[in-house]
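Two complexes come next, and they have one chain in common, subunit A, joined by subunit B in the first and subunit C in the second.
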Partner chain A sequence: MFIEMRDVEFVYGYKTSFEKKALSNVNLTISKGEFIGIIGKTGSGKSTLVQLMNGLLIPQRGDVIVDGINTKEKKKVKEIRKRVGLVFQYPEYQLFEETVYEDIAFGPKNLGFSDDEVDKRVKEVCELLEIPQNILEKSPFELSGGQKRRVAIAGILAMDPECLILDEPTAGLDMRGRRRIFNIIERLHREVKKTIILISHNLEDVAALCERVIVLNNGKIYFDGPKHEIFENIQLLEKSGLIAPDILYLQYRLKMRGFKIERFEYKVENVADMIVRNIAGNIPKEGGKV
Partner chain B sequence: MSAFIEFKNVSFSYTSSDGRKNPALIDINLKIEKGEFVSVLGLNGSGKSTFAKLINGLLIPEKGDVLVDGMNTKDVSQIWEIRRKCGYIFQNPDNQLVASIVEEDVAFGPENLGFERQEIIKIVNEALEIVEMIEYKNHATYKLSGGQKQRVAIAGILAMKPECIILDEPTSMLDPKGRKEVISTILRLNREEKKTIVLVTHNIDEMMYSHKVVVLESGKVKYMGSPQELLKLDWFYEMGFDMPQILKLSYELKKRGINIDKEIWTVDEMERFLCSLR
Partner chain C sequence: MVDFVIGQYIKKDSFVHKLDPRTKIIVLVFFCVSIFMVNNFYGYIFLFALILLWTVFSKTSPMLLLRGTKPLFILILITVIFNLFLTQGRPVVRFLGLTITDKGIILSLFLVIRLLLLVFSTSLLTLSTSPIEITDALEELLKPLKKLKFPVHEISMMMSIALRFIPTIYEETDKIMKAQMSRGADFESGGLVKKAKSLLPLLIPLFISAFKRADELAIAMEARCYRGSEGRTKLKKLEYSKNDYISFLVAAILMALAIMVR
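Moving on to the complex of A and B:
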């Protein structure tokens, strides 16, 4: 087990008159190599949940164990951060160094790596994140929005975490920028074998990318399981205040109307193929005429 | 009759730190009439934000002229009048509220314009009514959701009694609920308050409400016309915009040889159409 949460409860403004319970009764385990999507309405506790996973927040009740270390052990917080990298929303707001290189190198330097090792890591993550060498000496503020975003993610990845958590990593980017980030995340999962946890408002993206889905509702885990179990059960999804992507609604309706749909497809192209197969099934095939 | 906003042979470029010029807009000519709702569509780097910033003189053209209600944005003596007439809403809801209480924030503009107290109260209330935030008038701004913050920012602009509101990707940082709130506010501003709207976006759903769409690509106008006509063009689907899923599906089905004579938008319509084929 890589991350384990046991009976976790978290309250903001604990023991003040502003107490607000953000999470309660959270139990879950995450294994190495998983690709998990976390979804839920605004205010459902998604960001709180992931901040508990790398010790940025410490639960008032229950325990969060990362690779055998309890996040309550204050002396080991660095060890936890090394293992679980958290990319915040709009991470480019946190770029601060004079050059792109310095910004990416900041994390591994802080972890005490030698200059050579730092340099090696910077080069590695630049390749993974498709950051061209010729921008390394530029100021981060000269870059385009998509580039800044990738540089900010590179800074986290340079610490070589086992698990990468991304909170809305494509917010504010256009389709091309989004696709690029998602391709990179998929590669980090498939080829570099990182554990990936993705928070997103965009259910289409989560449906297309993740294997396991966790739905939060009012600070509790509402659903935790394989994606098809929640995305093919539209009523269950709606009860948590989420709206299913249109192509799932369509497949649900078509299935009721007698289309042959064994498993829902999550990409529009695949849905189109599936529909064509269904329609073609009703037209006598030319090859069938003898 | 002359147009409310006019771009005449406008070019603009940014200079990078090594002194090289990167053209952002190249020889743009277009007119926007009073009361029109125009969407400006483009991918990141297409020049769409530059376009918006040129309208109210946040940027000044390198070549050519931008005229707003007959005033040239190059004319320093008229820049404040141009900015009052064309209010600007930015992408990030957290970057544009100046006061800690909603009504104080909305009052900031008219206070600076030197209105009487009673008049300010009236203006602020009206503006908050329009964006449906009146019941939050005494709330702290930092506690609002993203969609609410954007609507307060819009109220702050309305309090300056502008003729035109420019919105630069106002929903891209919002959750689905916030998006819906802001878009319905924009629609109301155009349809009921008769404000001229320039909406910079890369969201196709949002574009559909506008009278006219301008598609920018690499600093040039690639298309100018109605949203409906734009949907009939194949290149549009390959450009890499965020397509509503059902619309994209209808395009994919066409590519696979299924005969669809008009664009299908909604799940209902698609269901009906597909069932009719079986």
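Moving on to the complex of A and C:
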């Protein structure tokens, strides 16, 4: 068990006249190597939940345990942040150093790595995040939106966390930028074996990428399980105020019209294959990239 | 942060809340002047009576007012100590080479009363008047200065924008702090120099976004044809009502009595 949450309750403005309950009765276990999507309406407690996971917020009731460390142990807070990296929404707002290199190095330096090691890590994450060497000496404020975003994510990844949490990592990016970020995240999970937790408003992305889905509704866990259980039960999903991805509605319609669908697909190319199989049985499989 | 009472506004439906904000500001100004003109304890009874009336008619809880004095406790303590020991006069108590004089005691008591009255009255103003009302009233009251080419409207607009963005900037500070803490930044430990240095990762992004937001706000205002005070009309026109005249009268009588009892 990598992250464990037991009976967690969190209230903003605790013991003031502005109390607002954000989460209650949260029980959750996350193992190493999982790829989890967290979805829910605005204000359902998604951001609060992930801030509890790296000790930025401490629950008033219940415990959050990360790799055996309780987040309530104030002295070990750096240990926790080293293990769980959290990329906030619009992370480019946290950039501040004079050069891109310095900014990416900020995290590992804070954790006390030697200069050589810092250098090695910066180079490593730049490769992973497709950040060209020639911008390392530029000011982070000169970069384009997509580049800034990748540099900001690199800043977290350079701390080499076991688990990477991304809060809406593609908000405000164009299609190309989004696809690029998601390709990178997928590679981080598959090749570098990171545990990934992804918060997104875009259910299509969550459906395509994640294996397990957690749905939050009004500060409570509404659903937690493999993605097909929630995405194939559209009524259940809609009850929490969310709308299923178009690609699923399409398959529903096709099924109602007599298509043979054993298993719902989440990626466009797979759905295309399925349609072709249904219509013509043996049209050759498409090859290469579109 | 939340415990800071001065400057907070609490929405309520009360006599004082409904008064013209100009009335409240004018009364407050004269009140502050009279605090320093009164020179004996009897006079302060009338001033406290006015505070009491204001509290009751604004439905403010007295506990809240008292809590508002908390941040000033040290300031009051220091001024009392200085006045107690450093005032010349007839010695009353002597110890450890320090003397407390009769004048010292009286002067420090006066100071406590004056500071309390100041805090109470200003808190009552802000508790019962929204920031927008205050800036509106100030603009109205300062209008005569326009003849001297003083940019009254512009300044009150700047004030209301500043007030409007305090919560936004507070929220943003919190967010950036958390983002940097996720990168292992430490805002708490270390000496003074280290602490000041550790603020850079917070301040730089904060300034950048503040400038950006100012720019966007300017464009948004221009898009809605804002061009300063010229020909600008008000949605809510300030007008004195009967209640305002009554309040003026009561306040004037009490303050006059306070000053006349010498």
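Here is the rule we use: the second predicted complex is superposed on the first by the 280 of 290 C-alpha atoms of A that agree within 3 Å, B and C clash if a C-alpha of one lies under 4 Å from a C-alpha of the other, contacts with A are read in each partner's own complex, and residues count from 1 in each chain.
In the analysis below, a residue touches a chain if its C-beta (ideal position, glycine included) is under 8 Å from a C-beta of that chain, and two chains touch if they have at least 3 such contacts.
Owing to the predicted nature of the structure, the values given are computational and were not obtained by experimental measurement.
Clashing of subunit B with subunit C is the outcome of superposition onto subunit A. In the superposition on chain A, A:N110 makes contact with subunit C only, while subunit B stays out of contact range.
Touch criterion not met for A:Q235: it reaches neither subunit B nor subunit C. Once chain A of one complex is fitted onto chain A of the other, the partner contacts of A:R253 are limited to subunit B, with no touch recorded for subunit C. After overlaying the two complexes on the shared chain, residue contacts for A:R176 are found with subunit B alone; subunit C is out of touch.
Using the contact criterion defined above for the overlaid structures, shared-chain residue A:N134 touches neither subunit B nor subunit C, since it reaches no partner. Once the two complexes are overlaid on the shared chain, A:T16 sits against subunit C while remaining clear of subunit B. Looking at the shared chain after the overlay, A:E142 reaches subunit B, while subunit C stays out of its contact range. Of the two partner chains, subunit C is the only one that A:G155 touches; subunit B does not reach it. Note on the superposed arrangement: subunit B collides with the subunit C stretch 217-225, while the other options among 145-153, 217-225 or 253-261 stay free of clashes. Every residue of subunit A that touches subunit B in the complex is listed here, in rising order: 41-42, 90, 138-139, 142, 144-146, 171-177, 179, 201, 204, 243, 245-247, 249-250, 253-254, 257-259, 268-269, 271-273, 275-276, 278-279, 282.
By the touch rule above, subunit A contacts subunit C in their complex via residues 13, 16-18, 51, 54, 56, 78, 81-82, 85-88, 91, 93-96, 106-107, 110-111, 141, 155-156, 159.
Subunit B contributes residues 16-17, 43-45, 91, 145, 169, 172-173, 175-178, 202, 240-242, 244-246, 248-249, 252-253, 255-258, 267, 270-271, 274-275, 277-278 to its touches with subunit A in the complex.
Subunit C makes touch with subunit A in their complex at residues 2, 175-176, 178-186, 200-201, 204-205, 208-209.
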